[in-house]
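Each remark here refers to the structure printed beneath this line.
Should a chain be cited, it is by its letter among A, B, C, D, E, F and G, assigned in written order, with residues numbered from 1 in that chain.
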Amino acid sequence: MPAQFLLNLFIAFLWMLLQDEDELKITTFFGGFLVGIVIIFLMHRFFGTQFYLRRLYSLIKLIFIFITELAASSVLISRQILSPKLRIKPGIFTYKTELRGDWEITTLAMLLTLTPGSVVMEVNPAGDMFYIHAMDIEQSKADVLRSITKFEKAIMEVTR
Amino acid sequence: MIELGAALLILLGSIMSVVSAFGIIRLPDVYTRSHAATKSSTLAVLLSLTGAFVYFWVHEGFISVRLLLGIVFVFLTAPVAGHLITRAAYRGRVKLTDNSADDELKDLLFPEDK
Amino acid sequence: MFSVTFAIILPFIIAAFVPFIYRRFKYMHIGWLVMLVPITLFVMLAMLIPSVAGGKTYIHTYNWIPSLNINFTTYLDGLSMILGLLITGVGSLVILYSIYYLSTKESLQHFYCYLLLFMGAMLGVVFSDNLMVLYVFWELTSVSSFLLIAFWNHRKASRLGAQKAMLITVGGGIAMLIGFIMLHNMTGSFSIREIIASIGDFTDHALFIPAMILILLGAFTKSAQFPFHIWLPDAMEAPTPVSAYLHSATMVKAGIYLVARFTPVFGGDQIWFWTVSGVGMITLFWGSFNAVRQTDLKALLAFSTVSQLGLIMSLLGLGSIALQFGYSEDSILYTQATFAALFHLINHSTFKGALFMVVGIVDHELGTRDIRRLGGLMTFMPFTFTVGVIGSLSMAGMPLFNGFLSKEMFFAATVQIMNAEVFSLQSFGIVFPIVAWVASVLTFVYCMIIIFKTFLGPVQPEKLDKPLHEAPMGMLISPLILSVFVVGIFFFPNLLGAYILKPAMGSIYPTFGDPANLTPDIYAWHGVKPELLMTIGVILVGGLLYRLLKKWKPVYGLLSSRYTFNALYNNFLSLAESKSTVLTNKYMSGLLRDYLVYIYIFFILTVGGFFFYSGAFSSALSMDAPIQTFEVILVGVMVIAAIAMLFSKSRMTATLLNGVLGYSIAIFFVIFRAPDLALTQLVVESVTTVLFLLAFSYLPDWKKEAVSSKTKLINAVISISVGAVVVLVALAVLNYERFESISTFFEDAYELAGGANIVNAILGDFRGFDTMLEVVVLFIAGLGVYTMIKLRAKKEDENIENK
Amino acid sequence: METLIVLLIGILVAVATYLILSRNIIRVILGTAVLSHAVHLLILTMGGLKTGNVPLLKEADAPYTDALPQALILTAIVISFAVTAFILVLAYRAYQDIGADDLDALRGTSDE
Amino acid sequence: MVEKILLTALALFAISIVIALVRIIIGPSMPDRAVALDMIGVNLISMIAVISIVLKTKAFLEAILILGILAFISTIAISKYVERGIIVELKSDD
Amino acid sequence: MKINDVILRTVTRIVVFIILTFGVYLFLSGHNTPGGGFIGGLVLASAIVLLYLSNDIETVQRSLPLDFKLVAAFGVLLATVTGFGSLIFGVPFMSQTFAYFDLPVFGKTELTTVTIFEAGVALAVVGVVVTIILSISEDE
Amino acid sequence: MNNIIVLPLIIPIIVGVILVFLRPYVKTQRVISLVTMISLAGISLYILNKVQAEGIIRLDFGGWVPPFGILFVADSFAMLFVLTASIVTAICLIYAFSSIGESHEKMFFYPFVLFLVAGVNGSFLTGDLFNLFVCFEVMLLASYVLITLGGKKAQLRESIKYVIINVLSSWFFLVALAYLYGTIGTLNMAHVSERVAEAGQGPLLTTISILFLIVFSLKAGLLLFFWLPGSYSVPPTAVAALFGALLTKVGIYALFRTFTLIFYHEPSITHTLIGIMAGVTLVVGCIGAIAYKDVRLIASYNVVIAVGFILVGLAVATQTSLEGSIYYVIHDMIAKAMLFLIVGTMIVLTGKTKIDEISGLIRNYPLFGWMVFVVTCSLAGIPPLSGFVGKVLVGQGAIESGSYVLLALAFLSSIVVLYSLLRIFLNSIFGETIISTEDEVPLKKGMIIPIVLLGVGTASLGLGAEFISEYVSDAAYVLSKPSVYIEAVLGGNK
């Protein structure tokens, strides 16, 4: 994976030298970089790994999920705050994840925190169990369980 | 025109902010308040930052990396902050509101309280 | 002139070497060597007597601090010659005496070092023309006297006596110094000769009288005049040679010398006349009155010295009146008082020196000087007895001894003064002969006490620790020599008059032409004059009073010891110490709050007070920049946060509120277009908060303060006042028509310093020096925190220093 | 604006003074912190507020707001930070060794 | 128009800060205050962004990021303090 | 249950690099835009503080084995010695010079002695802040 | 180039920082720090003579002409302070070598002393008011650390008070600067002076000047000396001596500078106030000096008295009185250092602090005992020791201007000084010894040598007053003629 990126950089640099301009320009370099992307995309199977920008795509997708979750949960909370009578039943529940590794767990925890109505309070020492505080436990638990697989998949697309 | 859009984005953010501020007064305990803070408030700031970003882009043709970085940063840290505060609160034995339903942590952390 | 300078310097040089010589020749009594110093000097001075008598003066100047008119100018004239001879002559005899008096077990190197120091200083006083140099030596005599009194410093009485002497004499010296400075401010000179020459132009100067009084204070303290005499009896804690030398023959004469020296400056003035002669008279009486009641021979002599000094002082006062009249046939009559003063000055040194030595011998050989334990010594100590009687009778003013001559002249002067038609003397002049006579009666009484209670009457061997015996011959030489003078002067007074007193008269009356006119022939018999009648009266009444002593001595009991000047001094000191402790402890409470309150109140009173008093307040809102709603709200946030800090129940809340304040200020920095400030403020605020939290781990949370509501009210009033003063002055500053700031210069930062960020250019370049030092400050703080945490006191260190 | 800020400064000063006069060392330290806020604002205000643009030559045009007070405040901020750090540690070290955070207890034994 | 909106937004943000300040003052628990402080920080970020627009300057954009960073650090410090009493540990527990 | 700081530590790993980069940027760009040695240094210090907050002293020391007192001292030395350079060149103490150079990659670049001075400032700030925090934290 | 006048500040800083790197090498640190201070004394002497020959020297940092940049201005007044400070510090360092202890030496004792010196010298030399603030802070921070260094209870206790009061005074300083900038718009002292003269020192400016008076009085211990007795009593002897010699002098310097160069237009207000403060200081200082039996407190209140005395010279403000104050300051720096070293040594030798617990030291330590006597006489102004000349000149000035009350208080204070110190001498130095020869703590050479050096110093300064008279009168001349200073700073470029 880093190899692809390094190669891309090399191509961009080469491109820049090939232009034989008076001075080195960042724009030229950028142009070379784009060329490199195309080349590597075409050739990525030779590396035996995924195309590295593919992961970037997954990442963007993940971020998009983040944003939508954030927006949704904000709306939800606003509604709850502004509702004339607070009709919430907070509580703490657990969730056991299949994800492993610091990055995956962290990302999932952050996602869950941004999910409407839930905040990850604790991760157990083994790192596979989340203790989640829910604004309204009935609804949140359902929300979390519904979307969690989606999250896990999105995360794994980036990390694995 | 887009400037106006940016301004409206910001206005939305500010309203969001007031709502969440209202939330931390209205909600019954620190855990529920932290929901307001980590979510609505974060969204509010993201909105206003985006508004500013758009404004500078449109108005001065200036893509502010600093603003972008700021957005990323807030995005990255807000949930962590929420996580840390609620954890601290719980371990600092701040009580959940009375009408809370389950508490699956209690037995684990404070078994002696039974 | 070399010899005078040499005379001053030599004792100091030898004094410096004494400790070394002492160590070299452990087995020899170092006094023998030291004695050579005064002998040499005496001879040198004596050789100059003829030329000085011929009116010659010797003057020489060495530069010391010429830019301040302070130079080392030595001056030898008739007046200083008298003192010089006394210092060296009596000095030789005293050292000879001391060789037998002090055993080699004493720390002689110190004794002789101090003694030489004193001798040099005393010579310096009398031979200096420059007032500042005179002052230098003057204080040195106090210092050396201090050291000599405290010679046996393991005795508490010695230390206290030394302290008292030093405080009073140095204090007087300081007053005198101010007087000297005033003279300098008037005349522009520190030279006594020049001042005498020019003083005529300044007698109406506002400083003339203050300078006079202050200089007299110096003279009076040194010469133990009433009420400053109290140090002299306590100074008797010194070894007897010291008492004989300093406290009767020489140092106490320094004040007399000073008055004589300044007679040409201030003489003729009414205040000078009354002060000098009045104080002298009171001292004369008070000294003799108190001498009678003493049971310690040395104390008796001390009071007698006080009395005699008063006598001389009053004579100088009386004589000064001549200057009021200027030179004339009549005024010469008045100068005779001065002549008598000088004469008695010498006489007193001889008989009192002898008497002190006698008392020293008694004390040394018999272990006591309490007259209640003594008596009948005549048979056992014939030489001592002889000297004692000669001295006492001379002091009592009996014929055959020099004291008679000067005493007679004294009486004559007091009678003469009643004739003066100035200074209201016609009405008050009568006081002088009366007091003089009464005091002389008392003097007669105590002289009889010395003779009868010590040498005559019954022996009381049971009250003595040592067997009765005569002193070794060596110890007797000095008093015998002195008594030879006592008698010799009686028979050849005019030798003294011609060679010694005449030139001195010339010094005191420089404007009166040939001093020979002022120098009378001295006769023991000059017909039946008032003075003779007075002397006869003294003997009759004095004899009677001595016989009836037991009857009237209870008079002294009437004087409560609580109201003596001595008690006053002691009470003053102890009261000063205790009251000052109470007072200082009261305001130096050790409480930070108190100190801060003082500072704040001082701020409010001075800054606020002057601000209102001067009407500096002014204000105009019109020049203000516009305000937005959110800005007002933010100000509200800060106000709320600040006030909430006062009421926070927990330090964490207060800290967070402080954080809010900090962050809000950062926003104001943004609003006020200060980007660098905003950035810095934000970071520093956060780091500070972290530091607070770090420190909180080691500190307890704060409790509700147990502070009285009165304290709270005071705090509140102070706080609001401080805030108000700051605000009002700030508003006035805003309204001040301001100068253009220098900072427009910095707007060329890009051309000048290559930076577009003006603030940064100022910090890095224009005022980079500040930044450099600010980094140093930070560094010191960092390093300091480290040391504070890492370096801790060991337990055992704690106990020593911090109780 | 200036008047408003000056009033704010006055309140901050009063609060700080009140805190500084208290017995608890932490209150005193917080008081000094508030005091430093007040003085920084004061310096800025005395130089005149909103009188020009940000003092960045490439960023804005003349007139610029007075940059000198800003530089001075920067220095002052740093110094008060250094001092605050020092006092904080001093306070807790004193507590460790003397066992009191109450200034009345730090009175010391007066002589005699 | 735009400016008016922006000023209104600023006022709203400021109001949020006031409300959060109330929470800091009344507590009751320390985490409550931490949450409120965090919120104030976030609102300040917004305000700086908006003020930058109003003042038409890019000079304060750094401050936004800085404030983000610091609000985060402060929150961590405060929560650690609440949770453990110490904010920097000598050694890890494991 | 033991505290699991995995989330904090993981996020910190990214955040610290953002802060460090930002700090360097502030330090370098201070000449023309807000920033400079002092702020740069403070931000760098905050990054290190963040490391200490989310990890522990031992761990951080292992990966960052510096004596921060000496870092600070070196910074002060740098800041003062630049002033000293002027003494050698016979211009008033603390005279700063600047010049523009054409450099590969960076193009027209301004180099000034102020930068060295500010580097000293930054190092001193980092050193001092970390020293203070470490000293307190290490206290038993 | 005038770069030489920055050396008294920059050398101690750089050497101090280098010594941080040499932390484990105590001996090296000692040698370097002593050599530094001696060279500083040499450099200062050189500059002083140069000033004498060429007039006031100024150095514009970064080459920025006044009033825009920061500058150092070396006139005789400043240089006399710098020179004396350097000499006294060198001597105190020698004392420290044998007394301070290796634990302190390894805790950056020498760097802190050097930083203190840098701050002190900077305060003397700077020609910029804000820079004066910064230099003060350098000095203060160093003094904070030096007071606490060792961490004894009393040190911690007193340093809290010292630090807080100084923080407050620094705050006042900044407020005063803010006001001054708000009115006068500049920071360069000469420029401020020029503008104040131009505007006329109206009520507002006078109010501001009173604020400055408070700030510097807090530093000088003029009336507002509450921090002083405690904080001078607790640090290690060498430090206490440095404090006694240097700290208040900086405030005194600033007072003289400000109220002769800048705010000299309304003497009936400002100088009268200074006079009242000086008078009260003398009185309460005297009361304090006899109130206690603790030798350190006696010494501390003697510092207070001296401050009052010196400020009488400023209150009177004639050229003669200023000259007198300068003589007196120089004298006081030497004699106070000596006094504090002596007091500290007494405590080391006996383990006691009260005069009635100590007795007869002269039998065990004769030379030491005599040094106590010398310092007693010196501080009491007994000639020919150094206090005398200053006293005479201040007296002359006071008489010239008719300030008789101040004159009386100033001169009476000498008697109290004498009394308070004689109490030490008579109780503790004289008297029966309480230390048997076996229990005698040896008096280290390194302790007695500095004391003797200072004793020789006070004697030779008195006897050789003429040698410095030219410098002193030049210094007083510049003080009494603000235009000379202003011309040197603002008039043309050299």
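The rule we apply is simple: a contact is a pair of C-beta atoms (placed from the backbone, for glycine too) under 8 Å apart; a residue touches a chain by one contact, two chains touch by 3 or more.
Please read these numbers as outputs of a predicted model, since none were measured by experiment.
Minimum number of contact steps separating chain F from chain G: 1. Remark: among chain pairs D-F and A-B, A-B carries the greater number of C-beta contacts.
The distance from the centre of chain A to the centre of chain C, with each centre set as the mean of the Cα atoms, comes to 90 Å. Each chain gets a centre from the mean of its Cα atoms; for chain B and chain D, those two points are 31 Å apart.
Centre-to-centre separation of chain D and chain E, using mean CA positions: 21 Å.
In whole angstrom, the spacing between the mean C-alpha positions of chain E and chain G is 47. Each of the following residues of chain E touches two or more other chains: 10, 13, 15, 17, 30, 34, 55, 57-60, 62-63, 65-66, 69-70, 72-73, 76-78, 80, 83, 86-88.
Shown for chain D are the residues that touch two or more other chains, namely 20, 25, 28, 42, 45-47, 53-54, 56-59, 68, 74-75, 78-79, 82-83, 85-86, 89-91, 93, 97, 103, 106, 108, 111-112. Multi-chain contact residues of chain B (touching two or more other chains) are listed as 20, 22, 34, 42, 44, 69, 73, 76-77, 80, 83-84, 86-87, 91, 108.
The list of touching chain pairs reads A-B, A-F, B-E, B-F, C-D, C-E, C-F, C-G, D-E, D-F, D-G, E-F, F-G. Of all the residues in chain E, the ones that touch chain F in their complex are 59-60, 62-63, 65-66, 69-70, 72-73, 76-77, 80, 83, 86-94. Chain F makes touch with chain E in their complex at residues 2-3, 8, 15, 18-19, 22, 26, 33-35, 43, 46, 49-50, 52-59, 133-134, 137-138. Of all the residues in chain F, the ones that touch chain A in their complex are 1-4, 6-7, 9-11, 104-105, 107.
Taken in their complex, chain F has these residues touching chain D: 32-34, 38, 128, 132, 135-136. Taken together, the chain C residues at the contact with chain F in this complex read 675-676, 678-680, 683-684, 686-687, 690-691, 694-695, 698, 753-757, 759-761, 763-765, 768-769, 771-772, 775-776, 778-779, 781-783, 785-786, 789-790.
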